[in-house]
Structure formats: structure tokens, C-alpha cells
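Down below is the structure, laid out as C-alpha cells.
By written order: A, B, C, D and E. Residues from 1 in each chain.
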Amino acid sequence: MSMLTATSITKHFGGLTAVKDVSINFEKGSITAVIGPNGAGKTTFFNMITGIYSPDGGEIHLDQKTITGLKPNFIAEKGIARTFQNIRLFKEMSVLENVMVGMHIHLNSGFLGTLFSTPKVRAEEEQARYEAYSLLEYVGLADWVNHQAKNLPYGAQRKLEIARALATHPKVLLLDEPAAGMNPKETTELTDLILQIRDDKQITIILIEHDMKLVMRISEQIYVLDHGQLIAQGVPEEIRNNPNVIEAYLGKSALSV
Amino acid sequence: MSLLQLQSIRSFYGQIQALHDISLHVGQGEIVTLIGSNGAGKSTTLKAICGQVKTTGKILFEGNEIQSHPPHTIAELGIAHVPEGRRIFPGLTVKENLEMGAFQVKDKKQITERMERVFQYFPRVKERLSQKGGTMSGGEQQMLAIGRGLMMNPKILLLDEPSMGLAPVVVEQIFEIIQKLNQTGMTILLVEQNAYQALQIADRGYVIQTGSIALQDHADALLGNEQIREAYLA
Amino acid sequence: MKRNFLTILTAIGLVTTTVVGCSTDAGGNNTIKIATQSPLSGSSSTLGEAIKLGAQLALEENQEKFKKLGFTLELVPYDDQGDPKVGVANAQKLAADQSILGIVGHLNSGVAIPASSTYENNSIAMVSPANTAVELTEQGKKSVNRIVARDDFQGPAAYGFATDNLKAKNIFIIQDKSAYGQGLAENFKKVAEQKQAKISAYEAITVGEQDFNGVLNQVAAKKPDLIYFGGLYGEGGLLVKQAREKGLNMPVMGGDGFDSSDMVKIAGKGVKNTFYTSVAADISNTPEGQNFVKKYQAKFGEKKAVQSFSYYGYDSMGVILKGLEDSITKNGNKKPSREQVRDAIRAVQDYQGIATKVGFDAKGDNKYAKVFVFQFEDKYPGKQVGVIEKQ
Amino acid sequence: MKKLTSLFSNSRTFQSVLILLIVLCASTSLYLMDKSVTSFLLLLCSFLLLYYTTFSNWIKWGVGALIAFAVIPVAASGGPSQQVYMEVAVMAGIYIAMALGLNIVVGFAGLLDLGFVAFFALGAYVYGIFASPQAQALFQNSSIFPLGGESFWLFIIIGALVAALFGIILGVPVLRVKGDYLAIVTLGFGEIIRIVFNNLDKPVNITNGALGISGIPQPKLFGFTFTQSSHIYFVVLIVLGFVIYAVRRFEDSKLGRSWKAIREDEIASQAMGIPLVKTKLWAFALGASFSGMMGVLFAAKNQFVDPTSFTLLESITILVMVILGGMGSVPGVILGAAIISILNLQILTEITLFLTQNLHVPEVFSPAKMQRLLFGLVLVGIAIYRPQGLIPAKNKTYKIADLKAKLTQKKGKSKETTTSI
Amino acid sequence: MQEILSTLPQVLLDGLTLGAIYAVVALGYTMVYGILELINFAHGEIFMAGAFIGTALLFGFVDIGLALNWVTLVLVLIFASLLTGVIGVGIERVAYRPLRTAPKLIPLISAVGISFILQDVVRFVAEYKTGNYIVTGQTIFENKIAIPAFSVGGYEVHASAIKSNTLIVIGIAVLIMIVLDIFVNRTKWGIAMRAVAQDRATAALMGINVNKVISLTFFIGSAIGGATGVLYAQQYATINPFIGFILGLKAFTAAVLGGIGNIRGAMFGGLLIGLLEVFAAANLGILTGGALGAEYKDVFAFIILILVLIFKPAGLFGQAVKEKV
């Protein structure tokens, strides 16, 4: 069953067509990778799904319901969470608070409730705290709870972004270059984490990644973008041997080796 | 003697260490490439060389320590950096962009001569002289960016991901020009994600992983390396 | 780090305040202090300072006399910054110092009105050298007095002169949107409306601005035969100057806000044909007046030009000291209470000041406040061209 | 020095003895001496010291309240200077509440507002107009108006609501712009409000223009009229207490976290489901409401309002308080506001008087005249040497052990339930 | 209608004078903003300092017996602008450079601080020297040029007069704008300035000494601000330390209106604000039948600013910048 579908979506910036007529269907509970050279339109594609840009053409459906052109916060409420290529944490806030911000849409405390600190609100806050902590434990950041997000090592920051995204209870999780800046050991851990997330929480995962080892290991489907267009799709083995992909992305010279 | 030598360079972004003891050297007339995944520290290394990020350790250029110099004096020494994402001045015309490359040059005639030389490599740039930089296509911008670097008449050219976001045809062109430049004696330090293409034209290569040099060898050797194949080719 | 900070902070606080705390406790039982409250800093400090200096001069001249009665006179000048908050806080401080028996102040009605409640609560007599706002004395406070004419006297007086002597039939009113300017202009307008004169426009400018060409162009369009301006000399001078530069040569009339040497300086040659009302008679030609200027500048330096507020400050202090003297005599040469001083000051009937004769009515307004009309020629002060008695 | 500080931070006995000593010394000397600014300040410093103790929050608040409600008023009542201290304390309280309001906007939500005093003006005028004869003139001899001093209590709430409402009305268009532009737009709005209040004497006389509104009644309760600063002091204290309580509540709530998240990264916050405009409007409205309340109080205390109290300089003063204390830091902002208002109202004038009276320093050099210069130096100095303020903002720390314990307990429970099924 | 038309030429001329002053001051704001993205709050005070320096110099010239004519005016303009230029550079060194990497709010606060310091220092000096900080200076050109009344299409236009000084103000302001425009668009340092404004890091890679360019920008912006101060003092004769604040605010509004960072936009914005302001002051009362008067002119200026920012956030000539995600 399809969880998220993009139907021929297009985005222009000035004269440049960043994404052109791309249609992709993401199956529920699958792990899908979107790859392609830098500047191919992958992040723009993510930005359209998460509402940061609204597409100039085409439709996006989540769970058969359209989300085309909705504001990012509504899309988040509907169940799409993401991480960012150039990490966007709430730098001055503590690690735990970062995750608690992710719970925003699931907290119901209103103005007066907060002001008078009703038992309901207190219980909710406490619950949120524990859940945030359990998520941090889940991604392996339990020791960093009170640190400022900006003081975390690079790899840990990426994991924190994932924990924060999970806190929104998403149906779909978009990871934008989650392994960038990680060493092989961290990358392996991340790979396990991603698989575990999918298995434990039944979340549909879509990732943009340059680390082919990771991509090939965990993705069930791979889509290749180049110059805003979809040039290939298939299972890892197909992609690995697709001449178009090799030419556009891996380099023509790769053929000669 | 190496033209450029880095000895145990460390860099921090805030409290996060981006470079761990990077040491490398580039000899006169070489093309050396620095490959690695996104966020590994390739660009940071280039920024360290041209004084854009603070570092500890030594950077020697023609035998002189330059690590404490501000960027503009490093440029004066003859190090031209063509930054990632081209970074041409979008509001300036193509001609003004080129003139900025030759900012240190006072002699008008010399500027014209250098410009002519740039046009030899990039005839397309000449056609667009009075156009605003920001209105050009990606490939043209990359050519302008390299051309602007050449206006400095540098001793070494640092290229940061020149193929990024460009059509394969254009990438081929750019790499051809890089090779051509090298044949005229230009020393080049090339940072690339497109590892294979970079190694094709390079003499030597360094593989950088989470801020440290993981591997270094002749380009041919790296091309044949199984690990590299796996990490960067799939 | 932060603890260090805390200690440093405390230390600084302690040191400064030890010095200050001790200093203000001086003065024995025979010391009588009179305070001034006027803006000594900020944009109207020239006027505020004139009040203070005038009052200071009067006080120092009388020190000998009071010494003979067995009292040391002292001046405590407070800076109200033209800010109600500061004025009220200062008023509380004045009230706390039991040796303070009277206050000369304020310049701004906006400060005087809230501060006067504090004076009233503490029975400290206040004599205002400058406030013309009607409300100040309308609440029937026992301790609030003023020597200057209220807006509802100055405005109509000016109107009378404008229509009778200057034959104005079509008047353009401009005000500066300050409490003073608005009070003056509105009272002028009120009479004019009652008398069914033609008011061609009622406009306003902004204090602190320097380009009034916009409003003056409207004047040019309306072609009035008199401009009445409610405001101070700063804007007034520029207004006159710019009007003349536009070839608008009709008479310009203002209140005592024009009554300053700077008016002539700012307006330049254009100041001719400018009129102002003032409660002070022309004293620059009288021996007393010339003597005053001499004493003033000998004391405070040549740079300090004598303003009319210097006279008012001087006279206000004079009235307070007169009341004080009366109450001392009444009290058998003992230090009088605040209430006694307050009542004695209200009872002053015929005090001859340098600028005006002073005697208070039941509300604390000056019975003798006459309005004199002056015309600038090309120097300050102007020539006296009319007197209007209180009806 | 170091020893002393470490002794302070390690020993609670030392802490309590020190505070007790300071409070005792300061209050006795304040009570006995005619006028001692030093002891008054020392007494106030005990709050700061209290803040740095390691006692639990309950004890800190309790002791703090005791000092504020009992020790200070009693100690100050000892001499003729009572009203001076109380006046300063009242003004400091008003400014603290306003600074806390601005702190929500600038410190938490990261929106630079240079026209904040407008909301103070709104509160002041709302009470000023309806509680004074001004309303009678406005509504043509209506018999309801003017409302008396009893209505003050209701107006505290109305003032807050009106200010909040205007916060929202202004916020809707203003929040479409960002950063420096926002600063300029808010500055513009602040000026517009002031100019409008200054000019609304025609065509209909609503605010009496530059002349201001006089005859505003003082608060009344069960026949008792709050005439003196020492009476108003308690009103301010209660309102301020509420404000601090509210700020504390919101800081650690869903809303507070959203503010900070927006300050840190708007795009990421949106991606977390936070609605930008709504969240920012809450910040504007809440911040404004504190100011509105204090405006009502200010009008009632002075019995007079006019536009000169609401200038741009005033907005900047409040901003300086926030920055000096530390943006986003509640204790910092309280300290900053207290320092600046006491400096302005008491210390500068005292030093000036001292210098001109006792040392005969010429008027030109008097520090009170140099207020702008001092302000300027403070601003530049803080910006360069301590941009995070006197007491920098810090994040709430959570006890990891508690979190862990609770979590394992929960896990255990859920396991039990699963097994029981 | 007749009333509005009858004064229109005079209104336009007055608006142009005021607008020219706003425009030149706005240039200073826009240049600094363009290069540092910093609202240099102190710029209005630099303008004010220029007015005071110019006035003091003229007094000095009178004291040593120099005649006041064209030559003295030019001398004063040069001296005052050099001095204010140096002040501007000094301010950048002390108050802005250390904060270049700080969060945006911090340098803004520093700027407000500098603005206060300048106000008070000038006030102190003026008061110390003359006993009063309101200073009335020497005016060099006081003669007037009369324009006789005439009528156009049945509408009568009133007679009016212009000070020759007004023409000088407009003339020099226009000259400054033209020279600056040429400098920024045609010369190497001018292009470098724009390069630094667009991409500071890359400009440094070109061998451009960024600090030097920034200092130069501050120097030029402050120098023309100071020169305008001199002209202003000539035009209005009376100055005080607080003139810079309101005027600076309006000039800044003008810069934002034109699209901050855009030099031609600032010129246009300045002229527009000046014209609008004088027009509003002259005609609001007439247009609303006396309900709203000249006192609302600033409200209109601010409302226009707010409307522009809301509907065209980058100003009339600026370009919108999108944040990269």
C-alpha cells in the first residue's frame, strides 16, 4: 500500500527548473533512497514534500489525502517529519528540550492550563519528558540530556535530529544526508538505527544520501535524480548497474574501471 | 620541494572538531585531489589553507608559514581559491567579477592581458561580459569562477567541487580545462565528490574521512583500491 | 565567574552608596533647605537651568538675612529631567528630607501635576515659576502656587491685543503639541471662537523638528494676517525665520515661550514684527533689571544669558523666602513647620518681585499676574507695547 | 576570594547565615537611619544572594516573599524616607514587569521590538480615560463615568486584555517582516501610538492631547484608598508576583519551548509542527499584557498620564534592562530592570547632588546629565564584553536519574501489562 | 483644491530640499547596511556631529577674520567630512568590528549605545563651550530669490521665495549622489565594496582586504553624512545635539523604502519621504477639513514604511533574498 505519492511535481526557481515532473510512490513501511549528484534537486524534492516550498505543478498525497501546498506545520501534523542536510537544531536549547519541541503537536495544554499549572498539564509535561528521554535513549544520546545541542559532536547532532523528528510520531520520516560527516563506525550504527526505526515503529523512511554503502545496504528502492529529473529507479542491484546512473552520478570514468 | 604543505592541521567549528591532524602536500605542477563524502572535511581543509577558518598546526607555502595570515594576504601570495558553489558575485557584471579577481593588480594593461588569457580557456565568458553574474547558468558560473581565480595569476589553484550540480557534458568540459591548465604548469588542489573523475586527472589523491586523512596514494592506485570502489562507487 | 560578578556588583553598589548615603544626611536643626525641581538635563535644560540659577541667586542673597534670624539657608537643586517618573521620585525624596520647606518648580506641567500630589500630601509649599496649565491650581491644593499667568488668561490677553492693536481678522494658529503649547493655543482659540473670529487653521508641529516649511506653505495658501504660535522659542524661532524666508511677513505672536534671548538668535533678522505676551514687565531698562543681569552674570558667568525664567525662578524663590520669613516671625523665631510655611506663602499678598508683583488668591494663582505684550525689534528683550490687567 | 565563593556555594549553613546577617543588618540600619540608600540597596542585594543559594525553589520563593512583603516595608517605615524607598521600589517593580514582558518577545521569541512602551501607554490611557472625568466629557455627561478608584482592580485585567489585543492587532501585519525590519516596524508602531495619543484631542477629544489626563483616581478597596507609594507597593508586588509566576510557567511549557525554537530556527520549528504566526502572536500578546497591567498601575499611582512618559527612549530603556540582565534569562532581566531603574531614579540623582552640593563640581559635569552617555557606555560595553548579560540565560536541567528511574519503572509496567494480556 | 495648487511649486521645492537631505543621510545607512547588514543607528548622530563641527569651524573662521564665502563653505565641507569620516571609521573599529560574528541583535544594541554616547558628548562640549547646547551658527548665503506669482490654467500660484542656500543644498546633495553613484559603479574600490556586500568571504579570497573596504565604506558614508550636517546647519542655522535622531530615523525609513542596501533606492526614498512629508504637513489639514493636521505627517511616514515592508519587504528597489534550506 502506498504511503506517500508525489505525482509529477515540478518546481522552478527563476529560470532554473530544480525539479521537473517527478513522480515517485513510496510504499508503507519501506526504506527508499533518493540519490543523485549535488544540485540534482533532491533537497528541493524534500522541501516540497514537507511544505517548505509549494510545488509549481503536480500533487502530493499522504495516505491518499492531498497535502499539496500545505504549510510545513500542517504537514508535520499530518505525519511527515524530516531532518536537514545542514543540521538545523535548536542550538541554544538542551538536548531534551529539542526532542520535547518535536512533541509540540501532541501536547494539548492550553493557555489557562499552563498558567494555572493544572494537574492535567503537569501530567502531560511529565509524560512528554519521559517520552523525550526514552527517544534519546533509543538513538543512543541518553547521556547528553542536559547539554546544549550545539555542543554535541557532529554525529550526535545528526542522531538528535532523528530523535526530534521521531518525537512528532511521524508516518513518514525524511532523512536528508543523515550520514554526512560521520565516520564508518558511526555510519554503521546509523544504518542499524534506521533499520530499527523502521522495524520498531513501522515508519516509512525516505533518505537522501551520498554514502553508497549505506544506501545499498538499507534501501529497498532507489530513485536517481539528475537535473531535476528522475533518470532511474529500481532495487539497489539495478541501480548499481544502470549505465545512465553511472554516467550522471558515479562518473563516466567509472565505466572504464 | 612541495609548493604547499599542511602539517597536523586542526580546526574547530565552535566546540566541534572538524579537522583532526590533517597533513598533506602538493608539489609544483601537480594535480592533487582530495576526495571524501559530504561533511568529511574537504572544504574545511581548503578554507583552512586560505585563512577562512582558524587552525592550529602549520601551513607552509613556498616554505613560508602562512597559517596566521588573513585571507586577503594569502590570496596575494598566489593562492587562488575557487569556492564550493562557485560564489560568483551575483550583482556584479561578468567583467566586474573578473576585475575583482585581479583586485591586487594596479596595471590596467596587465588586467586586460589576463582577461584575454581567461577568454582563451573560456570563450563563453567573453560573450557575457556585461551580463550580471547571477543571471548565468551553472556551468557558465563555474567557468567564470575559475576564470576569476585565474585573474589572480596564481601559483596554485584550489578548486572546491567544480562539478557540483553541473550536467555531465559540462563537467567533462570543466575537467578538460583543468587538465589543460595543469599542462601549462598550473598546480592544482582539487576537492571532489566525484571521486573517479577527479582521480582520472589527478597525479595523487587523499581520501578524507570525518576530518582525518584515511588514505593517500597515487591516483591510479586509489582508482584500483577496493575500499574506494566500495565507498564511493557502490 | 558569575559569583565573582555578583561580588563585584555588590561591592560597587556598597561603595557608591556609602559615599552618597552619608552625604545627604548633613545639616543640623537650624538648616532650612529650599529645593528646585526643573529639567537640568535633556532637551529643555536651558530653561530648567535658568529657573535653578535664578532661584539660587535669590537664595544666596537672602542667606545673610536668615543667618541673623538664626538659620542657615541651603539650596537643593533636583533634576526632574522633564520626566514625570523622575519628578515624582524626586518629590518623594524632597518630602523625606524634613529640612526642606519649599520648592521652586517645575518647568513642565506634565511633571508638576503628578508631583504636586506628593507635595500636597506632605504639606510642602510649591511655587511654580513656569507652569501655565490651568489644571495645576484647579484642584484646590493648599500647597500649590504659581506666579505666572494661567493659559486661560494669557490666551485671551493675546487675543485681545491681536485683534485690537494688530487688527487681525484672519488668524492661523500653530502649536507644538506640548502641554504648554497646546494649553496656550487652545485657550487662545477658545476666546477667538467665542468672539467669532476667523480661524483659518489650527495646526501643529513637532517639538525637536527643524523644518516647518510644510505648515508654512499652508499658511501661504490661507493668507492669514496673523500667526499665533503656542510653543517655545526653539521651534518658534525657526518658524519665524522660515516664514520670513518664504516672504510671509505677517505678525507672529506667541506666549512667554518666546521670551528668551535665543529667540532673537534663532529667528535672526526675521524676528521683527514678532510679538509675545509675558507676565514680566520690561525690566531690562530699569535699574533693578540691569542690576539683576549684572549680578547674575557675575555669579554664573557671561555665557549664561539671562532668560525670563531666571527672573521667574528668582521671584518664586523670593516669595518662598518671604513666606518663610513671615512664618519664622510668627512662630517666635523658631523653625516653622511645613504647614506653617505653606500657609504663610499662600498668605503672601504684596510681594514685589523683580519681574512681577505677587499675591496669591485662594487657588494659589497670582492675583497680580499682568500680561505684558512685547514686540521684538532686533534684540532681546523686545519693546513693551501693551499691558493687559487681569479682569 | 575564591575560597569565599566556594564556601558560599558549598555550605548551606554559610548561605543562610550570610543572608540572615545581611537582611538583619540592612533592615535595622534602614529602620534606624533617616536616610540610607546603602542599606536599602544592601537589602535588595539579599534577593540576588538568595538567588545564588542552593536551597530548593520553595524555600527561595518563601524567603524572597517574606523579605519583599514584610521586611522591606517594615524596615523602610522607620524614617521620613519611607516613601522615597517605596517610590523607587514601585517604579522598579513596574519596570521589572515590563522588562519581563519584553523578555518574552525579545529574549524568548527572538523578535526585536523597539516600540514596546506603546503597550504601557495603552494600559495607562485605558484606565486614565475611563476612570477620570475625561470619560464624562467623552460620553456627554453619561452618569456611569467616571468610574471610581474601585474599578482599578478590574482595569488591571482590562488593561492587560486591551494591550494583548493591540499586541495581536499590531502583530498580525508586523510579523510578516523579520529581523532588523521588524525592529524598525515596531519602532514605527510605537511612535505612531504615541503621536496618536498626543493628537487625539481633535476632532474628538479622547486623550486630551499633550495636556494629558489629570484627576485619575487612586486604587480603592473596601473604602481604603491607596494614596501613598507605600500602599501602591503592595499592589505592585502582587501584580509583579503574578507576572513572575506566569513567566516561569510559560517558560517551561509547550508555548515557551515553541518560542525558543522559533528564535533558534524558524524552518526547523515549522517542520516540528509549530505554527509560526500564532506562536509569535502569543509572545506579542503576553508580553504586551504585562506592560498593559503596569500601565494601569502607573496611571493610578501618578493620577496623571500624558504622552511624554511613553517616548522611544523609554522603549530603549526597557530593552537595555533586558539586555543588561541577559536576554531570555528571567532572573537576569529582573536584575537588569532593578539596576537600571534604581540607577536612574536614585543613584544618579544622589551622586549628582553630592557632587554639585558637596564638591562643587560644575553643573556641566553632573552625572545625571550624563545619563545618555552612561546608557550608551553600558550598551556598548555589554555588547562587546558580555553579550549574554549579567545573568546569562540557562536551560532547565533535568535530573537524569529521575528520568531513568521513571522510564525503567514504566517499561516494567508496560511489560507487565503485555504479559498479563 | 485651489489652496493646494497655489502652493504646490513651493511645496515641491521645500520637499525637494528636505528630501535631498534625507537622501544623502539615507546613503550612509544604506551603504553600511549593504555591506554589514547592520542598522548603523549612530549614523544620524554622525550627521549631527557634522553639523556641529561645521558650525564650530565657521565660528573659528570668523574669529580669525576670514570672510565667509564659497571658499569657506567648501573648506568647511571638506574638513567636516574628513573629521566625521574618521569618527565613522573609529566607531566601526571600536563598536562594530568586535561584534562581526555575534548574533544580529548585539551590534544593533552597540549602535544604539554609540548613538547615545555621541549625542551626549556633543551636548557636553557645546554646553561647556557656549553654556547652551542649542547653537545658532553663521549662515553664509542669506540672499533670497523671489519667484513672482503667476497663474496656470486659471489657477493662481502664489509668489514665493527661495533662499540661495536652498539651491546650494540641493545642488551639493545632487553632486554627492552623482559622485557616489559613479564611485560605486565605476571604480575598483567601489566594485570591491559591492563585492564585499554580496559575499564577504569570497571577496577576501580575491585578495580584497575586507576590513579595509568596510572602513572605507564607513568613511565615505560618515563623510557624506557629516557634509550633509554642514549643509543642514547652513539651511536651518540652529542646531542641537538631538537633531540627528529624528532625522536619522526618517532617513533610515527612506533607505528602507528604497530597498536597503540599494544606493539609488536610498536617493529615491529620501526624496520621496521629503516630498511626502512637506506635502502632508501643508495639505493634510486642508484635505481633511481640519480633522487631521500636520501633526500626523510622521504617522503617515511610518504607515507608508510599514505598508512597504509588509507588501514589498525588500523595499521599492531591493531584491528579496530566500533562505537556503
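As a convention for this text, a residue touches a chain if its C-beta (ideal position, glycine included) is under 8 Å from a C-beta of that chain, and two chains touch if they have at least 3 such contacts.
Listed by chain with UniProt protein names: A, B = Branched-chain amino acid transport system ATP-binding protein; C = Branched-chain amino acid transport system substrate-binding protein; D, E = Branched-chain amino acid transport system permease protein.
Given the structure is predicted, the values throughout are model-derived calculations rather than measurements.
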item: Given chain C and chain D, the chains that contact each of them; value: E
item: Neighbouring chains common to chain C and chain E, by label; value: D
item: Chain pair with the greatest number of C-beta contact pairs; value: C-D
item: Averaged-CA centre spacing for the pair chain C and chain A, given as whole angstrom; value: 72
item: Separation of mean Cα positions, chain E and chain A [Å, integer]; value: 50
item: Distance from the mean Cα position of chain E to that of chain D, given in whole angstrom; value: 36
item: Mean-CA-position distance for chain D and chain A (Å); value: 42
item: Shared-contact residues (touching 2 or more other chains) in chain A; value: 52, 84
item: Overlap residues in chain D, where contacts from two or more other chains coincide; value: 198-199, 202, 267, 369-371
item: Residue list for chain B, restricted to those that touch at least two other chains; value: none
item: Chain E partner contacts - residues on chain C that touch it in the complex; value: 43, 45-46, 177, 201-206, 208-215, 217-218, 220-222, 234, 237-238, 241, 245-247, 262, 265-266, 268, 301, 303-305
item: Chain D-facing residues of chain C, complex; value: 2-7, 9-10, 13-14, 16-21, 23-26, 40-41, 45, 49, 76-79, 81-86, 88-90, 92-93, 95-98, 108-110, 113-114, 117-118, 121, 133, 135, 139, 177-179, 181-183, 186, 202, 204
item: Contact set on chain D toward chain A in their complex; value: 246, 249-250, 252-255, 257-258, 260-261, 263-265, 267-276, 282, 393, 395-398, 400, 403-404, 406-407, 410
item: Sites on chain D touched by chain C in the complex; value: 1, 4-5, 8-9, 33-39, 41-42, 45, 48-49, 52, 79-84, 86-88, 91, 198-199, 201-202, 209-212, 214-215, 227-229, 302-304, 306, 308-309, 344-347, 349-354, 356-358, 363, 366, 368-371, 390-392
item: Complex contact set, residues of chain B against chain A; value: 14-16, 18, 37-41, 138, 161, 163-168, 172, 193-197, 200, 209-210, 223-224, 229-234
